[in-house]
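Below: one structure in structure tokens.
To keep things simple, chains are lettered A, B, C and D as they appear, and every chain counts its residues starting from 1.
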Amino acid sequence: MLIPCGQYKPARNSSIRFRDLITMINSILSKFKQKNFLIGFIIIIAAIILVAIYKPNVLFEGLQRSALYALIALPMALLLGIVDIVNLAHGEFMMVGAYFAYFMNVQFGMDPIVAVIPALFLFFLFGILVYYITFKHIIGKEPLSQLLLGFGVGLVLAEGITVIATNFPRKLGLDYVSSSATIGGFTFGTFEFVYVAATIIILVGLQLFLKKTDTGQAALAVGQNPRGAKIVGINVQWIYLLIFALSIALIGAIGPLFGTRYTIFPGVGDQYTLKSFILVAVGGMGSLNGVVLAALILGMAETLVLSSLQYGKWADIIYFALIIGFILYRSHQRQVK
Amino acid sequence: MKYWKYLICAVLLIVAVSLPKFIGVYPLQMANIILIYMALALSWDMLLRTGQLSFGIAGFFGLGGYATMLTSTYFGFNPLLSLMAAAITAGLVAALVGYSVLRLRALYFAIVTLALGEIFRVIAQNLEITGGTEGMLLKQTMFKGDAASTYWVMLAIGVLTIIISIIFQKTRIHYASTSIRNDEIVAASSGVNIFKYLVIIFAVTSAIQGLVGGAYVQLYGFVEPTATTFSINFVLMPITMALLGGLYTTWGPVIGAVLLSVIAESLKLRIPYGHLLVYGIIMVVGILWFPGGIMGFIKKMFKISNQ
Amino acid sequence: MRIKVFIVLLLAAFVTGLFFVAVPAQAAEPIKIGALLPLADATGKDGSRSMELAVKQINAKGGILGRQVQLIVIDDELKAEKAAAALDKLCTVDNVDFIVGGMASGITMALIPGMKKYGKVVVWAGAAYSGVEKAMEGQDWFFHLHAWDYQQGAYYEKGWAEVKQKYASFKRDKMFMAYEEGAFGSGSFKGQKVLAENGKYEVQGEAFKSAAMGGGDYRSVLRHAKEFNPDQFIWVGYDKDALPMMEQAKEIGFSPLTFVGSPPAWPVDFAKQPLNEGVLLYSYWADTMKNVSRASKTYSDAFHKEFKDTPTTYFGPLCYTNIMILADAIKKAGTIDKAAVIKALETTNYPSPLGDTFVFKKSNVIDHQANSWPKFMQWQKGKLEVIWPWEYATAKMIYPFPAWDKRGKASATIEGEKKAVPAKDAKKDKVKK
Amino acid sequence: MTILKTTGVTKQFGGLVALSDVNVEVNENEIVGIIGPNGSGKSTFTNVVAGVYLPTSGKIEFCGQDITQKTTHEKCHAGISRTFQLMRPLIGLNMIQNIMVGAMFGKGHSLKEARKRSAELCKFLDLENVERPISAMTALEIKKMEIARALATEPKLLFLDEVMAGLNKDETMEMINTVRKIHSRGMTIVIIEHVMRVIRELTQRVVVLEWGKVLCEGTYEKVSCDQRVITAYLGEEAEC
């Protein structure tokens, strides 16, 4: 076990059993019996089919775009949704990761996708360092101070990169990022499916971590009630440290993937911090699946609107109106309950 | 003891009002910037006292800016009247929007206010009447840009904000917002009409933000939706200043605004390249030293010395 | 008690601030020039370095009128209120004699009230938005170097017409413009629509979110462009959009006859990318111009010697020109008196590293508009070559834009494409000169 | 005279039925005790009547008015006030300011008047040194302060939700006296309690809840000998 958890040891089988699978399927099936869920499901399927006929590229590109959003939002969902730490320097860590991959490529010819693995380790250590220097002293005090701290850390990272590498935009020229496939006269890019794959890997990995390991369970407990978790013997500081470092490691490792396709510059991260923040809120705090679903819906909707020529300039409004709508709807649901 | 306070305030006010006699145009311009951010930070803090975290500062700031621009361009309002229009527009819109949005709490409220600001921006950017993405230029800025007069207007706005904040701290609104922030169920059970107070406070603080936005347009003479008028800077900087200065107080955001603005400007003049790096480090160190903000630190010092 | 200490702290903070901010004014021995540039931006960095270079050169020759020149550059941080404060500092604290610099139109808008208030001679490098021009109507102290947006548009039309004349196979009946959704992009498209109406060709446009603003996915725009099947595709955006735009165009297999981009600068290492081959662009200057222009070579060499670097944006030579024009005028006027300097500036005739010889004329609105013109350039084998105007041409145009599937991994296949340039046109070229 | 009357009040949380068909009447100037094992719906009943939750079905009448759909603060204005099971002081305010919140918003007094009345309440409940912050107060004082905050709204009906929890024997005694003192001023009180001794000492009538239903009702003596109640409590503190 990674973390000494004291007396807290939930009795759990760490392997997925067949029976678990059955109960999972059963719980999914039982949802279909609810009328609303069924209607919603049918509408979504119908919408997907309609879109696929009307504009097949929306399906592929929307999926890819959503996957990128979800990918970047997941580490924040882990940190903010599970253990309630706001890290406004989220996007900046990704930016640093992308610069790391860039210079690994320029200096040593390392492929950015390979650079994900060293980035994962380095950023885990970096996360520990940043946690010990900064966030450790803030957590549990005034929660809003985290906003200022994150903003300051983000500024230091962005400006540090500016000092080291200037703020000229950089982009690796990689042949494979513009690879494409053609099906029946319809050409679409294939590289960005990397984002889809990475999202699935991270999502499943995090779910398993949270549900099937003692440490993950402890993290959930800390998120729900830090004081209670302390009482039952969980080492809360350790959990914070671990989750923080894990989140930084993940977002740092996403950096190289991001940098393959997008131009990087010191200010590239902050927009994605905001996007992730929004997705975590829309998806529901604490729900990783919700975040991915929110990314899927918002990304698809955005792509769909953009794909129509006249309304493209209103895409932002639809995006933000959807966000407000979702959050209001969810809050309404909560009240009804 | 009590009179001391008033005396000091009076002296400060006199010094502030007569400042143009002693200092040049550039320090006055800096004072204007400080007053702009101070009013924004303080108004944000006033809403935060109810526990509602708003990211919509830039939205209402921009809304007020556009209101000023449109009323003075199309209806020929004089500058002060157009500032009123800005405050009223922002306040009204906030009250209307607040009816649905103020049921939300915490991060959900924060994100929705942020999204609202973005919606205002996109509307301003896509309409013909607001000048589209290129924005608009004001024919004549207020008082023809006379440094002393504009400073007095800004000072009036700053003092007004401080007075509103003090009123909020001295009257029942203080009790309402503190109880809502601490425990909504207790507040409601004690008879606080939470929603009413939230709408009032949201409208008032948004009106202040709109007013400052209007003044910004009157000072610099233009609106431009993407980079300036709805800039995320007007969200991040006030929040940063209020947090560093100390929350839930009148003087915390004021101190934060003065300190951070002065530090930013002096750093810029001393280190032309990379001053933001130092600025970021100061922020991080500042919040690590004073986790409760500078005001929190001062209060703690007093408690220790009193005991 | 509490309030007392607090007041003391507040006053202490304030006094410290004044101490920091109020830099004491020095005796007015040197001629002072104040510059406003966004130092964190590539354009501002090139610009400020070039200004420093110009001032150094002037001072090395003994200054102007026997006085040294002092350059004071302040970062406008691309923030309107900071820029306005910086202008006030230049005019009241540093007591500069002249104002130069300027990049973004949005920032310039915030400076207009201040500039009018102080009425100092302003030689302004940047700002293309014609709204600024309208606001400056009748201000005799305002000298503007960069062409206004509508002037640029008209000039491009002229250029394409000349290209068409020269290359028989050149076609530009349908055009698609992808523009970033900010003022820069949408302003360009607005102008383009008017020009297309006059020029009687078809134009369609669509906005995209620039990577600078958090965008970076251009595929829907590119698909629309592909459906429209234009002869010419132009994107108006920033350096951050450059390479992903090419990659995504390749991804969906979109290669129009001419592929034009007009960012203010290009990303680091764009020159090394094989995808850039054949991309056309609008710019005022390229380093290769040292082969055709002596002024350009002098500047380029001096810059390289001073900073061991090559300017990446045309704001380098533009800002260099900015200082040089002003210095010449002061010299000619023999004084720093405002009216005399304005008179002298009006007679400016300066062969600039940008290629053009700068003179000030009346524009549609303002009295003093320099005749600086953008050029058509093309990436060829990793170098920016000037295509048009013919007198600065450093290479011939590759036409049509080589299709993605017809080029190998390297740019070796391009050689054959070059033959598409009709040989007979070489004569016309000479006649023009 | 009946002051509070609930008819068929039911509350569901998703699939969980927390209250089902609860009919309770409270008469003016009496002390009613509500008892029941953990999770029997005592606190939910308070929350439904005092307005934190709206009932799924049923009707709540207060002083002859239908207040079923009213919000929390409206119910407070109508005259229902309450304390909480766990201590919930407003930590941003000091002792007297906490009480002033009730006086100002529950009854609409001005700041000055509220301070005066709150000071009186403090005296009445033996609270001293009223400008202390919450951090400098004992548990008993906080409990008393919360009662004062509820009283400051000048209610017709006061709910005391497990007001004795966490107090030692002496403190419990003091609290019982305090409740008596409040009752002697003519207040109608509903007391939700776990500690049987308190119920025995204070109440005139007891309602027993189990699984969200009313099990039985009557005087303490009658209820405590009821076989069903004894089974429900399984001998827990129930002494005949």
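The rule is simple: a residue touches a chain if its C-beta (ideal position, glycine included) is under 8 Å from a C-beta of that chain, and two chains touch if they have at least 3 such contacts.
Please read all numbers here as calculations on a predicted model, not as lab measurements.
Trainee: If you take the chains that touch chain B and keep only those that also touch chain C, what is left?
Mentor: Expected: A.
Trainee: Can you list every chain in contact with both chain A and chain D?
Mentor: B
Trainee: Can you pull out the chain pair that has more C-beta pairs in contact than any other?
Mentor: Ranked by contacting C-beta pairs, first place goes to B-C.
Trainee: Measuring from the mean of all protein Cα atoms shown, which chain centre lies nearest?
Mentor: Per-chain C-alpha centroids compared to the overall one single out B.
Trainee: Using only Cα atoms to place each chain's centre, name the chain farthest from chain A.
Mentor: The most distant chain relative to chain A turns out to be D.
Trainee: Round to the nearest whole Å and give the separation of the Cα centres of chain A and chain C.
Mentor: 39
Trainee: Counting only Cα atoms for the centres, state how far chain B is from chain D in Å.
Mentor: 43
Trainee: When the C-alpha atoms of chain A and chain B are each averaged to a single point, how far apart are the two points in Å?
Mentor: 32
Trainee: Which integer distance in Å separates the CA centroid of chain C from that of chain D?
Mentor: 74
Trainee: At which residue positions does chain C touch at least two other chains?
Mentor: 40, 45, 181, 213, in rising order.
Trainee: Considering chain A alone, which of its residues make contact with at least two other chains?
Mentor: In chain A, 162, 274, 313, 316 touch at least two other chains.
Trainee: Among the residues of chain D, pick out those that touch two or more other chains and give their numbers.
Mentor: none
Trainee: Could you list each pair of chains that touch, in label order?
Mentor: A-B, A-C, B-C, B-D
Trainee: Which positions of chain B touch chain A when the two form their complex?
Mentor: Its residues touching chain A are 48, 53, 100-101, 103-104, 107-108, 110-112, 114-116, 118-119, 122-123, 125-126, 232, 236, 239-240, 243-244, 247, 273-274, 276-277, 279-281, 283-284, 286-288, 291-293, 296.
Trainee: Give every residue of chain A touching chain B within the complex, in rising order.
Mentor: Where chain A meets chain B, its residues are 80, 134, 137-138, 141-142, 144-145, 147-149, 151-156, 158-160, 162-163, 270, 274, 277-278, 280-282, 285, 313-314, 316-317, 320-321, 323-324, 327-328, 330-331, 335.
Trainee: Any idea which chain B residues touch chain C in the complex?
Mentor: Where chain B meets chain C, its residues are 1, 4-5, 8, 12, 23-30, 32-33, 36, 125, 132-137, 141, 144-145, 147, 216, 219-222, 224, 226-228, 231, 233, 251, 254-255, 258-259, 262, 265-266, 268-269, 272-273, 275-276, 298-299, 301-302.
Trainee: Inside the complex, what are the residues of chain B that reach chain D?
Mentor: For this pair, the touching residues of chain B are 171-172, 175-176, 178-179, 181-183, 185-194, 248.
Trainee: Which stretch or stretches of chain D touch chain B in the complex?
Mentor: So the residues of chain D in touch with chain B come to 50-52, 71-73, 76-77, 81-82, 84, 88, 90-93, 97, 100-102, 104-107, 111, 149-150, 152-153.
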